[in-house]
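Please go over the structures that come below.
Shared between the two complexes below is subunit A, which has subunit B as its partner in the first and subunit C in the second.
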Partner chain A sequence: MTLSQPWSDAPMRLYDHTFNSRLLLGTARYPSPAVLARAVGASKAEIVTVSLRREQAGQRSGQAFFELLRSLNVKLLPNTADCHSVKEAVTTAHMARELFQTDWIKLEVIGNAETLQPDIFGLVEAARILCADGFAVFPYMTEDLVLAEKLLAVGCKVLMPWGAPIGSGRGLNNSYGLRTLRAWFPDVPLIVDAGLGLPSHAAAAMELGYDACLLNTAVAKAGDPAKMATAFAKAIAAGRLAYEAQPMEPRDFAEPSTPLAGKARLA
Partner chain B sequence: MKVRVLGAGAAGLVAATELARHGADVELVDRSATLGVEACAWCAGGMLAPWCEGESAEPFVVENGQKALAWWREHSSTFVQNGTLVLAGRRDHGELTRFARMSDHHEPCEGNALAALEPDLGERFERALFFAGEAHVDPRLALQHLADGLVAEGASLRLGQTMTPEEAEKDVDLVIDCRGFAARDQVAGLRGVRGEMMIVRCPGFALARAVRLLHPRWPLYVVPRADHVFMLGATMIESEHHGPVTLRSAGELIEAAQALHPAFNEAEILELRADVRPAFADNLPRVERQGKTISINGLYRHGFLLSPWCAGEAVRLAGLGPEAIAAPAEDLVA
Partner chain C sequence: MRITLNGVSEDCAAATLAELLQSLDLANAAIATALNGSFIRRDQRAATPLHEGDAVEIVAPMQGG
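Coming up: the complex of A and B.
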């Protein structure tokens, strides 16, 4: 790895695509598309998510904004944000496939309008339908192990547990649960999606062995989105490197780093 | 100099007024048979809030938007300079902290001070930011006032007529194209940002100034008009769809209004309306001259705030005035 690259040497594979950057950026709530473009460019993110639900209120109506996103030359990951039922989410996924010519879909089935918690039962059902229909599904989920098993069983090949509620900026609410998922599914790409507020949160997720982080508000609502996106990219790269470098084990007592051999012992 | 202005929205009327003031012989043409109803300005809040806009807009907007205060004071009888109050519910106080950090020319306003400014809100909110220098106008009356003033000065106003830019250049020295999103086929890089608004009458409630209620998902502003009428706005959707207001958006506006004050439960809905704001990728306006045509476009949600700056630029490009103001930053997407 060279210092100019904000990523590790080991590329990440998601559904037969390879990426160097392990930062996925959302595209909502930036001050302007120009600021969004600067944030994507500065952070060298290679995947951005795009919400179809509202921007596509009318036929072809969000075209200009979608053209701007296409001009970023990154992989687009459409999402079903704000879908509250299986049917809505599946319909939105089909619209996204047609509009963006991609099988990729970040699947959100919201179960609670206040916490934006996923409806995990609807999520499994929507994932089953979409996987059977050839979609590459990225499910936004809680960190529940059994949910993860069910999502994998219906055909998901990537899992995206939340760190904390969407937009809350609270970091990793349950790092124990996230660690369990990592240990249980060593070969499944795991992406922390939602709830990250600071680069240190992202670094912590990566140190747990997560493959990537997806975030939006923390960058879009920062005073300087491009600078914050860069900070996240660096933290994610640092966390990944640390994971690959195999950190030391913590201990309860001090252990001198200087050898004691030959030190004078005064009675 | 004979000048034809296409589009009688905020940009067109302000440009026409400034050009006439600098001696131009102005003709104003608009597709709508009734002044203003098809302009974005018809749906506008009419807020002259340069410092509040600094929360999300480029410094250019803050700097040049300030010129709008003096301009509208002089040109609109509905100009009210009582400031802007920015509020957040208790669980969204973090949004208020962020807003304060991203903007300036505000002071914290709590408790009795808040109640003194807006008695109806004092007992419902603990914290606010007060932007004392800001103002608002009634957009529809402001448009009519400008049109009346132009006609009184001898300008001609041709409503219910459409012209292509080529037709418009006939028999005049200069064309000012202020058609907004309708000019999208001629203006590269223009996109539409859908906005939805509501007008209500709420006799049990009073405001002296524009109020913004911060919410992570449904920010709301309420601008008072005469006779207990309030304009509630406005959604910001990356869509060029021109259709009617959706139930979802109406629901969000209503929910936010109810959060501001329960008196809104008894309000009568007078109007629900949607339009598409013209914007460039950086959400900053462009004033550009090509041959006989000067194009003013991309005013985004800053029609009233930035039309005086745009008009000044148009006067300069027309060779009628010395005003030369720094242009917006380059569009960095291209």
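Coming up: the complex of A and C.
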């Protein structure tokens, strides 16, 4: 590992695609397109999330953004952000597939407008419809074991539990739940999506054995987004390496690290 | 006739969705369309007539998390 290549040697596979970077970056809320482009470059992200919004004929802002996306040379993961029903999410996914020319979809079915908590019942139904229609679904979900089983049963091959509510920057609210998912599904790619505020949060997720982290606001709203993107990239690489290195088990009491044998009798 | 275009009520002289996009200079733009809540594929736009009261959505790539 070098500073210019801050990732683990082990590549990550998502829906038959292989990636070196384990950081997925959102493209929203940056001060400017130029700052966004610098942050994506600094993050070494190979996947970025995008959305669909109404295009005003006179402004054509979406066309300019599409040009910027093409220049970034990264894989696009469109989302169904702010969709509150199965129908809305499924229709948005179809529009995204045509527009971005990808079967990948970050599936959001929002159940609560304040917490942006997913409607897990709608999520499973939308995932069932989209998986049957050939989509590669990345479900934004809570860290619920039974929900995870149902999403896998309808065809999801990647799971994306939240760390905390979107944009909250609170980190991992339920490490136990996330650890349980990792233990229960050792072979399913798991990505912590949302709620990360600091690189240490991302490192903690990776130390749990998560395959990747998806974040946006923590980078976009930093004072220096490109520098924060670099910090996250290094934290994620460090967390992954630590997981692969198999951390020691914590103890309740001290254990001397310096050998006792041979100590001079001086008392 | 009157249609709702991206949430705004507007006069519309176009007979089809494709004609509407042509009139907006969006025919070849990176956009996707829906009519009354249903996705309309690019190759279906010319064969999709517009009627009084229709709701048309035209979306484009946008920043997202």
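Following the convention adopted for this analysis, the second predicted complex is superposed on the first by the 251 of 267 C-alpha atoms of A that agree within 3 Å, B and C clash if a C-alpha of one lies under 4 Å from a C-alpha of the other, contacts with A are read in each partner's own complex, and residues count from 1 in each chain.
To be clear about the criterion, contacts are C-beta pairs under 8 Å (C-beta built on N, C-alpha and C of every residue); 3 or more make two chains touch, one makes a residue touch a chain.
In this text, all values refer to a predicted model and were calculated from it rather than measured experimentally.
Within the superposed three-chain model, A:71 lies in touch with subunit B and out of touch with subunit C [touch as defined at top].
Between subunit B and subunit C, more residues of subunit A are touched by C. In the superposition on chain A, A:81 makes contact with subunit C only, while subunit B stays out of contact range. In the superposition on chain A, contact is made by A:94 with subunit C only, not with subunit B. In the superposition on chain A, A:21 makes contact with neither subunit B nor subunit C.
When the two complexes are overlaid on their common chain A, residue A:221 makes contact with subunit B while staying clear of subunit C. With both structures placed on the common chain, the touch criterion links A:63 to subunit B and to subunit C.
Of the two partner chains placed around the shared chain by superposition, subunit B is the only one that A:31 touches, whereas subunit C remains out of contact.
In the superposition on chain A, A:49 makes contact with subunit C only, not with subunit B. Where the contact sets of subunit A with subunit B and with subunit C meet, they give residues 54-57, 61-63, 65, 167, 217.
Residues of subunit A that touch subunit C in their complex: 26-30, 36, 49-57, 60-63, 65-66, 69, 78-79, 81, 87, 91, 94-96, 98-100, 166-167, 194, 216-217. Note for the complex: subunit C touches subunit A at residues 6-7, 24-26, 29-34, 37-39, 41-42, 57-65. Here subunit B touches subunit A in the complex through residues 56-58, 98, 101-102, 190-192, 194, 216-217, 237-243, 246, 248, 279, 281-284, 331-333, going by the rule given at the top.
By the touch criterion given at the top, residues 31-35, 37-38, 54-59, 61-65, 68, 71, 167, 217, 221, 223 of subunit A touch subunit B in their complex.
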